[in-house]
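Below you'll find the structures, each written out as C-alpha cells.
Both of the next two complexes hold chain A, though its partner changes from chain B to chain C.
And now, the complex of A and B:
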C-alpha cells in the first residue's frame, strides 16, 4: 500500500513514482490524494495493479494503459482512459467528453453522466455509463460494446463501422449510417450481467444501435489484401 | 485552444463587495496550459459611485500631455468630466461622470489616432495584456479589484494576431458593460461582420470573437432578453464556440451544437463559477460541490 500526495509532485514525477511502485510489486495498491482535477494522472501504467484516486481528475486520466484497475472517487475531465489496451477504469462521478476514446480492450465504468463523443473510435472493450451520454455517442466506433443506462444525445452511432451501443433510455437521434436493431435474449442477458458486476440489478429493457453499413464499401479490399487472395 | 472562466456572486448585496478580480486571476492561472499568448478579464459590478469607467490603450506609445488633452477634450465634448485618471504604459483608465452620450464618446475617443477603446462600463472594465494572468496581475493589480461578477480568458491564438488588441474580453462597442470571452472559431465571421458594418456597427480588431459581443449587443438593444440572445446565437453563429458574456447585472454562457469546446459549471446558493476545466474551479471553490458539464446547444444565465 503506497499513498502519494499529488500536491507534492509534478505530474511527471507522480506518474514515475506510480510506475516505480508497481514495478517492484505487481499486486501493489496505490492511493493518490489531492488530485485537484489535474491532467494526465496515472497514465501509461502497463502492469497489473490497483490505483485509487481520491478526488476529481482532469484530462487523459488513466490513459495509455494496459492492465491496471483505476478507481476515481470524483469526476473525470475529457478523454478518460483514452487508448487503453486492457484494464478497468471506474469513475464514481461524471466523465467529460470522449470517455474511452479509441480503447482496444478492458472496461470503463462511469457512475454519473458522460459528455459528448463517448466511446469515440472504440476498437474493442466495453464502456458502461450509468447515467446519460452526450452528442455523437460511439462516433466512428469500430468494435466493442457501449452500454448506456440513461439517454443518449443526438447523432448516436454516427459513422460507426462495427460494435454495438445499448441504450436503455431515449435516443436523441441516430447519426449517419446508424440504425436500431432488436436485442436478442442472449445479448440482453449479457448486458444485464455486465451491469450486475457494478451493482445495477434492475432488469431494464435496451435498444441496440448498430451500423447500417451503407456509408463504407466493405467489399473493397485493401491493396495488400488483394495480393493475399 | 483557449481557457475561459466566469464567476458571479448571485447574492451580492452591493457593488464592489466580492473579490472577483482575484477569483478570475486564480482560475485563469490554473489554465495557462490552454494558452499563454495573452490574458484578460472583465470585472463587473464595481462600485463606481454612479460614474463610468473608460479603458483605453495606445500602441507603442505612452500617455503624454497632448494625448491626454485629446482624451479630455473628447470627454468635454459630450459634456462629461474626467473624475479620475490612471495611466500605466500604453494603458489608461478614466473615471468619467455619467449621463454622457456613451456612443458619441466612444466615437470621439477612437477617432484619436492610435487609440483603442477596450471598454466603457457603468460598473465594469476590461483589462487585457499579453502574457500570463499572473504577469497581467503584476502590471495591473487585477486581484485588488472587487465587483460582483466577471469573466476571463487565456488565449492560444489561432485566428488573428498575438497582441493586446486581439486579446479577450471583447467589448460590445458602444454598448456599456457588455463583454465576451470566447473559446473556438467562427466560420461565418466575415459575412456577419459585413452585414453589421452595413448597419453602422464598428469593429476595432480583426478577431472573429469580437463579433459575438456586437451580435449580443445588437440583440439586447432590439429588446431580446440575454437568454433569448444566447439561444439565437446557437443558430446564427457558425463554427465552434463556448463563450461567456458579462452584462451590467448578468453572467451567461452558450455552447455550440457540436459540443466542441469544454465548459464545467459549479453552483452554490451564493456563487456560480464557470471554467473550461474543473482544474480552474477547484482552484477557487470547494471541489466537493457537484459540478456539471453543459452539453451541446446549451445556454444558461444568472443574474444578481
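And now, the complex of A and C:
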C-alpha cells in the first residue's frame, strides 16, 4: 500500500512514482491524495494494480492503460480512460466529454452524469453511466456496449458501425444512420446483470440504439470502377 | 486566335459532369491533386562564382545528418538523411509495400511512419526508426505499440484532404485490415476528421503531455498539419508543445480521397514552408521546433529547396511508391486490363486493383511486389536524393545541407517570388 500526495509532485514525477511502485509489486494498491483536478493522472499503467484517487481529476485520467482498476472519488474531466485496452475505471461523480473514448476493452463506470460524445469511437469494452449523457453519445462507435440509466442527448449513435447503446430514459434524437431496436430478454438480462455489479438492482426497461447500416457503403460506383473492382 | 472548342466546357469537364450525373456523388480517386500550382521547379539555386567558392562537388564531405525533435525529447529522431518516408496505412498499402518501405528506411538510416490503421508488426520489425501516428480514427491504436516507437506524430490533418478523415474503400477492408481497425469487413471506411478526445489547441497541449507520459518523455512528439492557415496553425501547434511540425501541402498524395478535396483545398508546399518558418520565427522557436515539409517532393533538388526555404527535413510518399514500381509496366501486369489506363496514367489506388502490388490487398496482386527488391529500389532512390542534395549544397559552397538558406535561391516566376519570398531572377526584387 502506497500513498502519494499529488501536491508534493509534478504530474511527471507522480506518474513516475506510480509506475515505479507497480513495477516492484504488480498487485500494488496505490492511493493518490490531493489530485486537485490535475490532468494526465494515472496514465499508461499496464498491470493489475489498484489505484484510488481521492478527489477530482482533469483530462485523460486513467488513460491508455491495460489491466488496472482505478477508482476516482470525485469528478473527472475529458477523455477519462481514453483508449483503455483492459481494466476497470470507476468515477463516483460526473465525467466530462469523451468518457471512454476509443476504449478497446475493460469497463468504465460513471456514478453521475457524463458529457458529450460519451463512448466516442469505442472499439470494445463497456461504458455504464448511472445518470445522463450528452449529445453524440456513442458517436462513430465501432464495438462494445454502452448502458445509460438516464437520458441521452441529441444525435445519439451518430455514424456508429457496430455495438449497442442501451438507454433507460429519453433519447434526445437519433444521429445519422442510427435506429432504435427492441431489446431481447437475453440482452435485458445481460444489462441488468452488468448493472447489479455496481449496486443498481432496479429492473428498469431499456431501449437499444444500433447502426442502421445504411452508410456502410457508397451507393454507386463509377463505370470504370465497376469494370475493375 | 479563338480555338475550335470551348475553353470552359473541355472534354475533362464534360466527362466529369457525365460521371457525376451517373453516380450521384462526389468522385473518388488516389494519387494527388491535378491542379497546376507553383512548385519547386519555379525556384533555382544561385550556385557559386567569384563571390563565394564551391566545395568539390563529387568528393568533399557534406553533412546530411538530421536531428528532429530535440526541443524536449530525451531521444530525438536522428536520421542519416533529411528525407524520410511519410505515413501511409497498412490497408491503403499492401503488407509487402509497408515492409519494403520499412526496410528501405533502415537501409538508408532514416525513418518510416505507420499511417491510419495501426502498426503492422512486420513493418515494426523492418523499420529501425518508426514514427507512430495518432490519428482521429485511432484504428488499431495500442499503447504497447506507441511505447516501441521512435517518434509520435499527432495527425491533425493531411494535405491531400485537409479537414477530412481517411478513406478506404470496402474492397480493401478485408480480414486482417478489418480486424486491426475493429471495423465490419467490407465497409467503405470513412475515418473521422476530429480527434475523439481533444478539440482545440489548449486541449492539444494536454494531449501532448499525455503522450509524453505514455512514452516516458523519451521520444519526440510531432504534429502534422494539412497546409491551409499555416501561420496560425503552426503557432498553435508549437505553443501546444510540439517538438516537430509537419506541414503537408495540397500536393501530397493519398490512397483515396474525394476529388473535390484533392483539387480544391490546401496550399502548395513552397508557401507552406515559408509561412511555417515565419510563424516559428515570430515565436522565437525557429531552430528549436523542427519543421518538416511534405507534398510533391520528387527529387533531391525539391528536398534541397525545401531545406533552403526553412525545412529541417522532408517526408516523401508518392515518390517512394513510384520507386517501388508504381505506374511501371512490370512483367505480369496489364494496366489497361486491370485498371483501365496505361502505366503512367494510373491514379486508381482506391480500387485496390494496383497492377504492381502496392495499393492492394489482393494476395495475387501483392505477390508482384517483392519486399526486398522493392526496399532496394526505394533505398537507391533515397540515396540518390541525398546525393543530389549534397551535390547542390557543395555547389553553393556549403558543407551541410542544413546550411542551405533562402539567399541561395531565386525565383523563375513572379508567383514563385511572391510565395517563396526570394527575388525574381534578373531582378533584385521580391514580388
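Just so we're on the same page, the second predicted complex is superposed on the first by the 217 of 229 C-alpha atoms of A that agree within 3 Å, B and C clash if a C-alpha of one lies under 4 Å from a C-alpha of the other, contacts with A are read in each partner's own complex, and residues count from 1 in each chain.
Rule of thumb we're sticking to: a residue touches a chain if its C-beta (ideal position, glycine included) is under 8 Å from a C-beta of that chain, and two chains touch if they have at least 3 such contacts.
Bear in mind that the values here come from a model prediction, so they are computed numbers and not experimental data.
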Please indicate which partner A:75 is in contact with in the superposed arrangement: first for chain B, second for chain C, both, or neither. first
Once the structures are superposed on A, label A:55 by its partner contacts, choosing first (chain B), second (chain C), both or neither. first
Could you look at A:89 and tell me whether it touches chain B, chain C, both or neither (first, second, both, neither)? neither
Quick check for you: in the superposed arrangement, does A:36 touch first (chain B), second (chain C), both or neither? first
Classify the contacts of A:22 with the two partner chains as first (chain B alone), second (chain C alone), both, or neither. neither
Could you say whether A:143 touches chain B, chain C, both of them, or neither, answering first, second, both or neither? second
With both complexes overlaid on chain A, does A:171 touch chain B (first), chain C (second), both or neither? neither
Once the two complexes are aligned on chain A, which partner has more residues of chain A within touching range, chain B or chain C? C
Where does A:102 make contact in the superposed view: on chain B (first), on chain C (second), on both, or on neither? second
Considering only touches as defined above, state whether A:153 meets chain B (first), chain C (second), both or neither. first
Identify the overlap between the chain B-contacting and the chain C-contacting residues of chain A. 39, 58-59, 78, 117
Write out the stretch or stretches of chain A touching chain C in their complex. 11-12, 15, 39-40, 43-44, 46, 58-60, 63-66, 78-79, 82-83, 85, 98, 101-102, 104, 117, 120-121, 123-124, 139-140, 142-143, 161-162, 216-225, 227-229
For a test of understanding, state which residues of chain B touch chain A in their complex under the given definition. 33, 257-259, 262, 264, 277-279, 281-283, 287, 290-293, 295-296
Chain B contact footprint on chain A (complex, rising order): 36-39, 55-56, 58-59, 74-75, 77-78, 93-94, 96-97, 113, 115-117, 134-136, 153-154
Name, in rising order, each residue of chain C that touches chain A in their complex. 19, 22-25, 27-28, 137-138, 141-144, 146-147, 169-171, 181-184, 187-188, 192, 196-198, 203, 206-207, 209-210, 212-214, 217, 338-340, 348, 351-353
